[in-house]
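Structure provided below as C-alpha cells; questions to follow.
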Amino acid sequence: MSKPISRYPVPKLEDLPQDIREKMLAVQGKAGFIPNVFVTLAHRPDEFRAFFAYHDALMLRDSGLTKAEREMIVVATSGVNHCPYCVIAHGAILRIYAKNPYVADEVAIDHHKADISERQQAMLDFAVKLARTPESIAESDRAKLKQQGFSEEDIWDIGGITALFALSNRMAHLIEMRANDEFYLLGRVQTAKK
Amino acid sequence: MSKPISRYPVPKLEDLPQDIREKMLAVQGKAGFIPNVFVTLAHRPDEFRAFFAYHDALMLRDSGLTKAEREMIVVATSGVNHCPYCVIAHGAILRIYAKNPYVADEVAIDHHKADISERQQAMLDFAVKLARTPESIAESDRAKLKQQGFSEEDIWDIGGITALFALSNRMAHLIEMRANDEFYLLGRVQTAKK
Amino acid sequence: MSKPISRYPVPKLEDLPQDIREKMLAVQGKAGFIPNVFVTLAHRPDEFRAFFAYHDALMLRDSGLTKAEREMIVVATSGVNHCPYCVIAHGAILRIYAKNPYVADEVAIDHHKADISERQQAMLDFAVKLARTPESIAESDRAKLKQQGFSEEDIWDIGGITALFALSNRMAHLIEMRANDEFYLLGRVQTAKK
Amino acid sequence: MSKPISRYPVPKLEDLPQDIREKMLAVQGKAGFIPNVFVTLAHRPDEFRAFFAYHDALMLRDSGLTKAEREMIVVATSGVNHCPYCVIAHGAILRIYAKNPYVADEVAIDHHKADISERQQAMLDFAVKLARTPESIAESDRAKLKQQGFSEEDIWDIGGITALFALSNRMAHLIEMRANDEFYLLGRVQTAKK
Amino acid sequence: MSKPISRYPVPKLEDLPQDIREKMLAVQGKAGFIPNVFVTLAHRPDEFRAFFAYHDALMLRDSGLTKAEREMIVVATSGVNHCPYCVIAHGAILRIYAKNPYVADEVAIDHHKADISERQQAMLDFAVKLARTPESIAESDRAKLKQQGFSEEDIWDIGGITALFALSNRMAHLIEMRANDEFYLLGRVQTAKK
Amino acid sequence: MSKPISRYPVPKLEDLPQDIREKMLAVQGKAGFIPNVFVTLAHRPDEFRAFFAYHDALMLRDSGLTKAEREMIVVATSGVNHCPYCVIAHGAILRIYAKNPYVADEVAIDHHKADISERQQAMLDFAVKLARTPESIAESDRAKLKQQGFSEEDIWDIGGITALFALSNRMAHLIEMRANDEFYLLGRVQTAKK
C-alpha cells in the first residue's frame, strides 16, 4: 500500500509516554501487531487516553450484549458511515468473536439481509438509525428493542457504542486512517478451514 | 418543566464516587448550578470520566481556535443534529465567551446567515459537513480551511470537537437529556444591557 | 450587528403608501418596534399587502388552534427550514403567547423532545412533514390528527400556516432578512422572573 | 374521473361573495372553464383573496422575466414538489405562453435536460434549489443568475414565484386538489398542428 | 426541437445489422414512427439486442399484471428518476393501454394522488421504493403486495420491470436520449374526443 | 449458512434448458463452483439469457477500461446500493483481476479513500453518482472524465456497467440473493502470500 496510515505525524513508539507505549505493547503481544488506530491517535496523547478509556468502558464491561454483538454494532454503524478503518478492523474482530467468516461482510454491506437473529436485527436497526439520524430515535424504536428482550441498560450499551463510533468514524475520516493489512484476512482462513 | 432530565436513573450527589462528586461541586462553584450533562452521565461513572477527559483535552487545550470558536462548532453541529441539550447549554456558553447575545441562536439555526467572520464560516462549513456526512470530507474541504489560515492541528481541533459532539448529541438523544432552565437566559441579559 | 437587515433596499417610512405606513405604525405602537419583516417586505407594496392579508386570515381567525399553537407551527417549520428571522421573531411571539420561556427553543431545535402535549406533538409532526416533503402527506397522517381531536378545518389551519411560512421562510432566505435585536430577549426575562 | 377535486367542501358559485364570484366568471369568460384552484380555495374567502392578490402581484407585474419564464418556474418547482394540480394546470399555461407543446413536460420531469436557453437553465436551477432546500441558497447561486444577466429585482421575482408556489403546492397536497380535465390537452393540439 | 436525440452517433437504418433493422421496421409499421430508444441504443448492437430481449421477456410475458399496469410501473419509476424519455414515451403507451388520457401524467407526477385502484397504489409504492432505495425493500413491503392479491411471481414482475427501467433510465440520462415529438400527443386526443 | 440463496424456487441443473445448463457447466469448469446469480436467475430463463447477454456485451468487449476497472465500477456502485451478493461476488473477481487483496473492501466501503489512481477515482465518482441519482449527471461530470483521458465510448462503458448493475442490485435485493461461501475468501489468501 502506498498511502500513509494517517494524514498526521505518526509518533515513534520510543517517543511516546510510558502508559501509551505499554498499552501498545500489550495489544501487540496479544494480536501480533499494533492496530493503526493506536499509533495514529497517539499523536494526541490526552485524546488517545480518553478514547481508549471510553472504548474499554463500553466494550469490556459486563453487558447483556455479547462481545460479538458489540462488534456487530461497530461494523454496521461504521458501514453506513463508510469508514474503511472501522469496517475492516472491527470486521476482523467480529469474525473472530463470532467464529464466523461471513457475518462481518454481510453486516457491513446491509445488516437487514445478514444471517443473524431477529434480536440482532432489531439491535442493528436501532444503532444504524441513531448513527445516521440521531434526532429520529423515538419511543417506538425503544419499544422494538424491549420486545426483543433488551433492558434499559442494554439500550444504553447499544446507543453508547454507536455514539463512540460516531466519534471514531469521524476521527478516522478526518485523519484518513488506514487499516493494517493484517485485518483483511483475520478470521477468514482458520474458520473457513474447519 | 415536567419532563425528567434523563430517561435513566439520576444518581444522588452523595452516592457518587469522590472524583466525580468533586468535579460536580467544582462546576457548581463556578457556574452556580450543575449542568444536567454531569448528573445524567454520572449514571455510568467510567463513561463519565472518559467523556469529560475527552472534553477537557479538546476544549481546554492551547489551540488556534478561540474558546468562543470551539463553542460555535458545538452549537452549529448540535443544531444540525437537532440536539436540544447541546444547543441550549453550549449556546449559553457561546454567548458568554463571545460576549454576544445574538450569535448562538444565529449559529444554531443557520450558520451560513450568522454574523460571523469568513474564517468562522469556513470552520463551521467543515464541521457541519463532518457532523452529518463524515464520508464526504474531501481534500477540497481541507483546502478551504487552509485558505482561511487554519493549520493542520487546527483542523484536527475542528474535527475532534465535531467528533466528540457527534458522540455527545447521540448520548443526549438516547437518554433524552434536558437542559437546565438556567441556560436559556444565560448570556442574554447582561450583554444586552450594555 | 453589522449585517444589513435585507439584501434589498429598505424603504423609509415616509416614502411608503399610506396603508402600509399605518400598518407599521400600528404594530410599532403595540410592540414598541417595527419587526423587520414589515420594513423589508415593504420594498414590494403589493406583495406586502397580500402577505399580511394571508397572514391575518390564518393567524387571527377563529380556530380550533390556540394562538400559541399557531406560533408553534411557525417555529417548528421555520426550524426545519433553518430560517433565522422566523425562528427568532416567532419564537419570541410563542414565548409570549404560551407564557413559557423554554418552549420556543425546544420546538425550534427538535419538537419531538419538547415539553408539549401529545396533541401538539401530532400537530407539529404533520406540519414539519408538509413543510419539508409536501408530497409525502398521506391519509394516515390525517388520521393521526383526527385521533387527537383535530377537525378537518383545524387540519386546513395547520396546513395553511405551514404553507404560508413555506413562502415566508423562502422570502427570508432570499433577501437574507435579519431579526430585530429585540426579539432575542422578548418573553424570556419577565416570565423567567415569575 | 371519480375522485373529487378537493377533500374540502366546494362552494357553489351562487353562494360566494360577489368579488370572488366575479373573479371566477372573468376567468371562465377567458379560459372557457373555471380552474379548480379557484373553486376549491374559495372555501376560505379571505385566504382566496390573499392568494390571488399575491399571484397577480408576481405573475402580472412588469418584470425582466417573460410570462412563459414565470410559468416555467411554477412548472419546474411544482415538478420537484410532485404537485399534480400545479404541474398539469401551469404546464398548460406554459405551453400556451411559450407556443411550444413540448417544453412543459420537459421542464416538469427534468429541467436540466429541457430544450431551453442557458439563462432559463440558471433561472430554474435557482428556483428548484430554493423550492426544496431554501436554506442552501448562497452567494454563489445569486452570482450565477447575475452572470446570465438577471438583475436583483429579477432575482426577487424568481424567488417570489418559487415561494408563492411553495405555498400553493402545499395547499394543493393538503386538500388533494385535482386538475380540470381541460388542462391535460390545452396547448398541445393547436401548436402541434402547425 | 434543436437538441439532438442522443449525445452519441445515431446509426443510419441501412448501416444496421439485419435483425436490428427488421426490429425497427416492424415497430415503425405498427406505431408509424421509430421510437428514439431504438435508433439511439442501436449504436451498440449487442447491448441493443440484450436490452430488447430483456424488455420483451418482462413486458410481453403472461403475467398477473395487465399491460397497462406494467406501463404504470415504468412511468412511476421513471418519474421519480426524472427521466424525460421514459416518462414521455411510456406515458403515451400507458394512455393507450389504459384508454385513459389522464392517468400517465398523474402517475408520473405523484402516483399517490393518481386516480388508480388501491392494488395499483400498492404496486407503485413497492416499485418506487425499489427504484430509488433498493436496499430498503423489506418483508413488510412484500406483505402489502400480498394483501392486495399479488403472487410471488407478480412481485418478481413488479421488481423486474422496476429493475429494467433502473437500467433504462440511467442509459437515457447517460446519452441524453430525447423523446420523439409524436409521443407527447399520443393517446390524448382520440380518447379525449370520446 | 441457514438462509436460502433466493426467496424464489431454484431450478435443478437437470431441469434447465440446454443452453443455460451449458453456460453453468462452463462457469463451473472455470471457477470450480456455480455462482448463485446463475442458479437463482435461471428461475426465469428468458430474463437469464438477456441478463447474461447484456453482461457479456459490456464486461467482455474491447474497452478503454481494464477488466479490473470494470469490476471496480460494479463493486463501488453495488456498495452504495448495499447489495451483498454483488459486493461479495464481484469483490472477489476484482481482487483476482487486480491481483490485490485489499482494493475490493476499500472500494466497497468508500471509494474516495481507496488506494487507486486519480483516473479510477474520477471513474467511480461518475459511476456512483449515476447509480444513486441518475438525474444529477451533468456536463461537468463528463468533463471530469475527459480530463482523465476517458473517451466518449469509455463513458458509455462506465455508464452502461453502472446501469446494468442498477438492474442487478435491484434483482438481488428483490429475491434476496445470497453469495456463495467461496467468494468471501477468493483472491485474499494467494495474493496475500506473495
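Lettered A, B, C, D, E and F in written order, each chain numbered from 1.
Basically, a contact is a pair of C-beta atoms (placed from the backbone, for glycine too) under 8 Å apart; a residue touches a chain by one contact, two chains touch by 3 or more.
Only a predicted model underlies this, so the values are computations on that prediction, with no experimental measurement involved.
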{"item": "For chain A and chain D, chains touching each", "value": "B, C, E, F"}
{"item": "Per Cα centroids, the chain farthest from chain A", "value": "D"}
{"item": "Repeat of the D-E interface, chosen from A-F, B-F or C-E (over half of contact pairs identical by residue number)", "value": "A-F"}
{"item": "Computed distance of Cα centres, chain C from chain B, in Å", "value": "28"}
{"item": "Centroid spacing, where centroids are CA-atom means, of chain A and chain C in whole angstrom", "value": "44"}
{"item": "Inter-centroid spacing, chain F versus chain E (mean Cα positions, whole Å)", "value": "25"}
{"item": "Multi-partner residues of chain C (each touching 2 or more other chains)", "value": "82-83, 110, 135, 173"}
{"item": "Chains touching one another, given as label pairs in label order", "value": "A-B, A-C, A-E, A-F, B-C, B-D, B-F, C-D, C-E, D-E, D-F, E-F"}
{"item": "Complex contacts: residues of chain E adjacent to chain C", "value": "110, 112"}
{"item": "Chain B contact footprint on chain D (complex, rising order)", "value": "135, 138"}
{"item": "Chain D contact footprint on chain C (complex, rising order)", "value": "7-8, 44, 46-47, 49-51, 53-54, 56-58, 61, 81-83, 130-131, 134-135, 137, 152, 155-156, 159-160, 162-164, 166-171, 173-175"}
{"item": "Complex contact set, residues of chain F against chain A", "value": "1-3, 79, 82-84, 87-88, 101-102, 105-106, 108-110, 113-115, 173, 176, 178, 181, 184-185, 188-189, 192"}
